[in-house]
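Shared between the two complexes below is chain A, which has chain B as its partner in the first and chain C in the second.
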Partner chain A sequence: MVAVRARPNRLVSPTLRRHLPLALGAGVVLFLLSTQIGAYDDYNLAAVAIYAIAAAGLNLLTGLNGQLSLGHGALMAIGAYTASLLLKDHRQFPVVVVLMIAMLSTGVIGIVFGFAAARLRGPYLAGATLTLAVALPQVATRYKSIFGGESGLTVPQPAPPAWLGADFPPERWLAWIALAAAVLTMLLLANLLRSSVGRAFKAVRDDEAAAALAGINVARTQVLAFVISAACAGLAGALFAYWSGITSPAGFSLALSLQLITAIVIGGLGSLAGAVWGSVVLVFVPLLTSGMASRVNLPSSVADNLPLAIYGGILVIAMLVAPHGIQGALRRILAIGRARWGHTPGGGQKGVVDWDDPAPDT
Partner chain B sequence: MTRFFVLTLNGLTQGAIYAAMALALVMIWRATKVINFAQGAMAMFTSYLALFAIDHGAPYWVGFLVALLSGLLLGGIVERVIVRPVESAPPLNVVILTLGLLLFLEALAPMAFGGQIKSFPPAFSIVGLRFGSTQVAFSPFDVFTLGAVLAVMVLLLVLFQKTNLGLRMRASAFNPEVSRLLGVRVGRMLTLGWALASLVGALAGVLIAPSLLLYPTFMDDVLVFGFTGAVIGGLDSAVGAVVGGLVMGFALAYVGGYFGSDLETVGALVILIAVLMVRPSGLFSLQRVRRV
Partner chain C sequence: MKRVMGGSALRIRAIAIVCLTGLLAACGTSGESTSGTNTASAPGITATTITIGSTQPLTGRAAPGYSEISASSNAYFQYLNAHGGIFGRKITYWYYDDGYNPTNTASLTRKLILEDKVFAMFSALGTPTHLAVVDYINTQKVPDLFVSSGCNCWNDVSNHPYTFGWQPDYTIEGKILGQYIQQNLSGKKVGYFYQNDEFGLDGVKGLDAQLGASSVDSAGRQNYVPTNTNIGPQIAALQASGAQVVVSFSIPAFTALALLGAAKIGYHPIWVVSNVGSDVTTLTGLLKAFSQGKAGGQLLGGMVTDTYLPLVGDSSNPWIKLFKGIHDQYVSNLPWDGNVLYGIAQAYTFVQAIKAAGRNPTRASFVKSLETTKLTGGPGLAPLGYSSSNHLGFLGVQIAVIAADGTVTTTGPVYTSSDSGPITQYNGSPSTPPASGIP
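Moving on to the complex of A and B:
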């Protein structure tokens, strides 16, 4: 995002002209959708948006720059605790300011982690970030006076502005905030990925030595990817704090980090749309499975655990039948459709598929 | 000084268990270049099976054997049925696959055995040994834990270094293509490697179950600390796994004892980062990291 702003001439580039209408279209569709569904579904929609921001950031790091992070939940925790601490002392801080500060502070901390991560490869980076995911919530437990210990910090729900009416559901307002943040993040990331910075990310992922020979500073590129990814996680974390109303160590367990990595692989590694699909799966599959489990009459020990068992089973089966995730499967279906009905690529049915980089990742 | 002594003994026992877990992870990494995140959950499941046998009247040792043998079987089945089809898939896919297996097993266990926390009987007394009039925090069961882990490690060493089967297993991991040309049944060797690793993991589970109690996620921390130990030691080195596991055991014991147990994992993180900043591929890795 930094790089996009640093080059003002890019703001009128063809890339933006392609992405801006898509972003506006997505915004309108999501706006209409959010007004048609109930407050509970608005709440779930907000969750999808939050996960999508974090997953998009992680996909940029893991899918496009090749750095495997199993600790993005910890970076979300940094954003969430920043927001919660700000709101503890200044309850009336505007949401935008809180989100920006959380994003920036997580990005700055991301510089430190990024330098460490740039030295590590593959499973060693995975091990380091995994330990980070386990260790960081412990800090919050330890320093109770600042971070509120196990019970955490409460976060006031953002109140809808008065002009929306007194009985406007706060869940919908939250969903609007989260969706706006998500669409904006996707737009900025999509632009970034089409720029020289995005190409450098991919070059470093594919072959570090070749990238270095081509004049790319490998370490700096890796740190930059980590910082941008961390900023996304921080933004998602701050939104998550608003969403859950409480920021506690339990909310940022190892499970969250693993869910994020799951989302990007199920959705499609290396594609922004994949991050969205993955987040939809993450939010709605557990809801669906627990709905199904509660309808069948089962003993409680089975009914309570059936959703998790199905979820785990879906992960295993998805990796066996769709190794390139949902986005990969969609691409194949579209490619088959085009070949059969003679559609030229780029014409006719486009939709969300054009959001991400055209070259499918192997 | 007494405190230091007690913490050292605790660290040694815990470290032996982390070392076993680390060794299981390293064995699978060396054979198939997969980090098996389901290792802990598999050990959890085999511990439940052992308790199931014990609860139905079997003596402890039968339960112990049930854990080890079911570990052997489970590891083989997982490799054959789930991992084999994704052998050539991108490495992250296999990571997600093992995570899915982890969630599945952690949901299956309470369905099959009930969700409440259960106690697991130890093989020997867990009351500290007495030397004259002083009692130390080192129980007969701790001695057994150390002995069992040591015995398994020696057996594995003999298997890998002294037998024809071990040579074939090492060859399969080192270069599958050439091994296949030389007539080694590489597929079988990989299945056997997973099965043996899973047995070592099951041992860790059954040894730590008495002190952690049995519940579906009880092995999660052991897996994380074992993985951290394996990374510290270097994922390609079995010796490194044992050393790394022991380092984790001591580190967690000292940090927990002197700074409070809620800083244990932070201590683990600091040590891990410190080691990796000096040696990015772990202490015992022979691989040279290519710098660009």
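Moving on to the complex of A and C:
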């Protein structure tokens, strides 16, 4: 967004023209998909969209700017609590307003943390953001009268507008909101990454000294990456509050931050599409195994832990098979295919995959 | 020709069956609707099955002890299914692990209702977890029976007409524990150690109502959050406050931590522990695990608690004989403890409720029946409170004391109460289970 302000002409640049049809196409496909599936699948589709927003933001920070954050779950919590506090006591606000305010408030916190983050490197940065993930949920427990303590704050599910009919599943409406937010976020991020700002992000990640010599303000770039990333997390957090119907400390534990890291690593570091693949894995793999405990005929000490063990196993295998994530594997398959069929004479070097490059699609 | 003949004969037979079914259904509705044929009367009910679902902490910090509950309920349903089911229907019980995380509960509850299409939710465990979904379940008009939590939030008939509690609510429990302290430990300084959520706060509400809010000063009111296992400071504060009796509304892991923390600093108050945090087998295991074998069940000697079911260790009790037999047959890999008893007893009450609702219930008629038909003859020591204005489960408890060797003995009569009313002695006599073990 800062990029737009800095260079207004980017709004009509070829980049936008390239990404806009893709985003519209994805929007139409997802819309059609959401109307063809059941309410529960819509609900899961919404979850994928929400995780994808947060993971895309994190991927921008970690994959493209080289700053590892273990605190994105806490940033989501800020967005979620902002939304929940706005909607407390049956107050009515349009969804768009709630989402914008949650994004802004998390972005502001992101500025504060971004300044701290810009001074820290590697494990120290990871440690600082880890503090955020561990400490922030405790604030909710400490100030129980405001944040509702362990039990948290309940959030009413957004009601579908009347013109959609009385029988319209609220899960589908939720999916539409989340998908619209996700497509829009991806479009903005894709544009940003194709701009000079995106190139500055990567330059800072690859070599800070060289980037500084090239005239890039390293600290400013890092703070900017953190703020954009935090705003994405805030948006995802607010949607998450609507989605789960409850905002409580247990929902934003360290595990959530680690799940987001899992999503971008499994999906493909540094690529927006990778964030989407990772989110699909994050939502659907646990669902496949969740019912197992009550269906397998094993001692419950084994059966109870089986879903988690299988989930962990799948992640390990995925990393062994596709060390550059799902997006990396897809690109490699494409590259091999091209080399074999000779469609693109120049791009056929076997094994050379530019997995760092942001995906041109959303 | 033959085909035409066959077709018309078939049609006549079909008409006959339809008429007969209609007749039987008419008979059924006029009486108790216990005779007739099974129909798919509601989502989750077919002619041969009833599907119900639950969210449970099978892994994570609330799993020790509590993860046994759903497997034990399932053991009772397997026993029921092996003995012909209820109205000829077998019960399918699907329970998912939410790890005590409300976000997971929200997602998995929708899976159960939207995808698995369960007839009812059963025994969903946890106060913060179930609070996340209670509105949703009620807007979907799905019966939400026997929430495994003593929060009095489940007794909210106007906002949550489909939700019912089961175990005594923590406020009633707190009042009756408070009465015991007044009667038997009078003159001793009292302190509280409680979980800082609805569970602990409801318990404290009952204690304060009985003992008087001013009888315990702020130094004697220490709480914990389940995400922080360092409870040393709180225990030291209780010791410093001079409390000689500590009432603990804690889950098993935190009861064990509190006992160990107190033992470590040479603090030996009389512990009065809420039912949910006092199971001897679970606590002994946790004490051993947390202390790497240095401590164990000996720390439980003298602990005061309460019960609303026959005691786990009372092998002469007919309910315990029946339930222990089911445990031994179906879930013998689990320890025979209070959580297993809880799960089986809850399942028994559920089958009582299904039976009372008649052969072909709808979701609404099932809830209506639970409000209007008194469920009696179950394993509980106190009566169940269900009516059109009350969705509380067991209305009272009996005090029990744990001896140094781990045996538990009940003492005094069963008392019943309500959140605001007085405590009264219950004089009903305990029931015995039917020979079949099925209501």
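Assume the second predicted complex is superposed on the first by the 331 of 362 C-alpha atoms of A that agree within 3 Å, B and C clash if a C-alpha of one lies under 4 Å from a C-alpha of the other, contacts with A are read in each partner's own complex, and residues count from 1 in each chain.
By our rule, a contact is a pair of C-beta atoms (placed from the backbone, for glycine too) under 8 Å apart; a residue touches a chain by one contact, two chains touch by 3 or more.
It should be emphasised that the depicted structure is a prediction, and the values quoted were computed from it without experimental measurement.
Once the complexes are laid over each other on chain A, chain B and chain C cannot both fit and instead clash.
When both complexes are overlaid on chain A, the residue A:A309 reaches chain B alone and has no touch with chain C.
Once chain A of one complex is fitted onto chain A of the other, the partner contacts of A:T141 extend to both chain B and chain C. More residues of chain A are touched by B (comparison of chain B with chain C). Touch criterion met: A:Y124 reaches chain B, while chain C stays clear of it. When the shared chain is aligned, chain B and chain C each come close enough to touch A:S301.
In the superposition on chain A, A:I266 makes contact with chain B only, not with chain C. By the touch criterion defined above, A:Y40 lies against chain C but remains apart from chain B after alignment on the C-alpha atoms of chain A.
Overlap of the chain B and chain C contact sets on chain A: residues 138, 141, 301, 304-305, 307-308.
Residue ranges on chain B touching chain A, taken from their complex, read 29, 35, 82, 85-86, 89-97, 99-108, 110-111, 114-115, 220-221, 224, 227-228, 230-231, 235, 260, 262-266, 268-269, 272-273, 276-277, 280-282, 289-290, 292. On chain A, the positions that touch chain B within their shared complex are 62, 68, 116, 119-124, 126-128, 130-132, 134-135, 138-139, 141-142, 208-209, 211-212, 218, 254, 258, 261-262, 265-266, 269, 301-302, 304-309, 311-316, 318-320, 323, 362. If you check the complex, the residues on chain C that touch chain A are 58-59, 63, 67-68, 70-71, 74, 93-97, 100-103, 106-108, 110-111, 114-116, 127-128, 131-133, 135-136, 195-198, 225-228, 331, 333-334. Against chain C, in their complex, chain A makes its touches with residues 38-40, 43-44, 47, 137-138, 141, 144, 149-152, 154, 156-157, 171, 240, 243-246, 248-251, 253, 287, 290-291, 293-295, 299-301, 304-305, 307-308.
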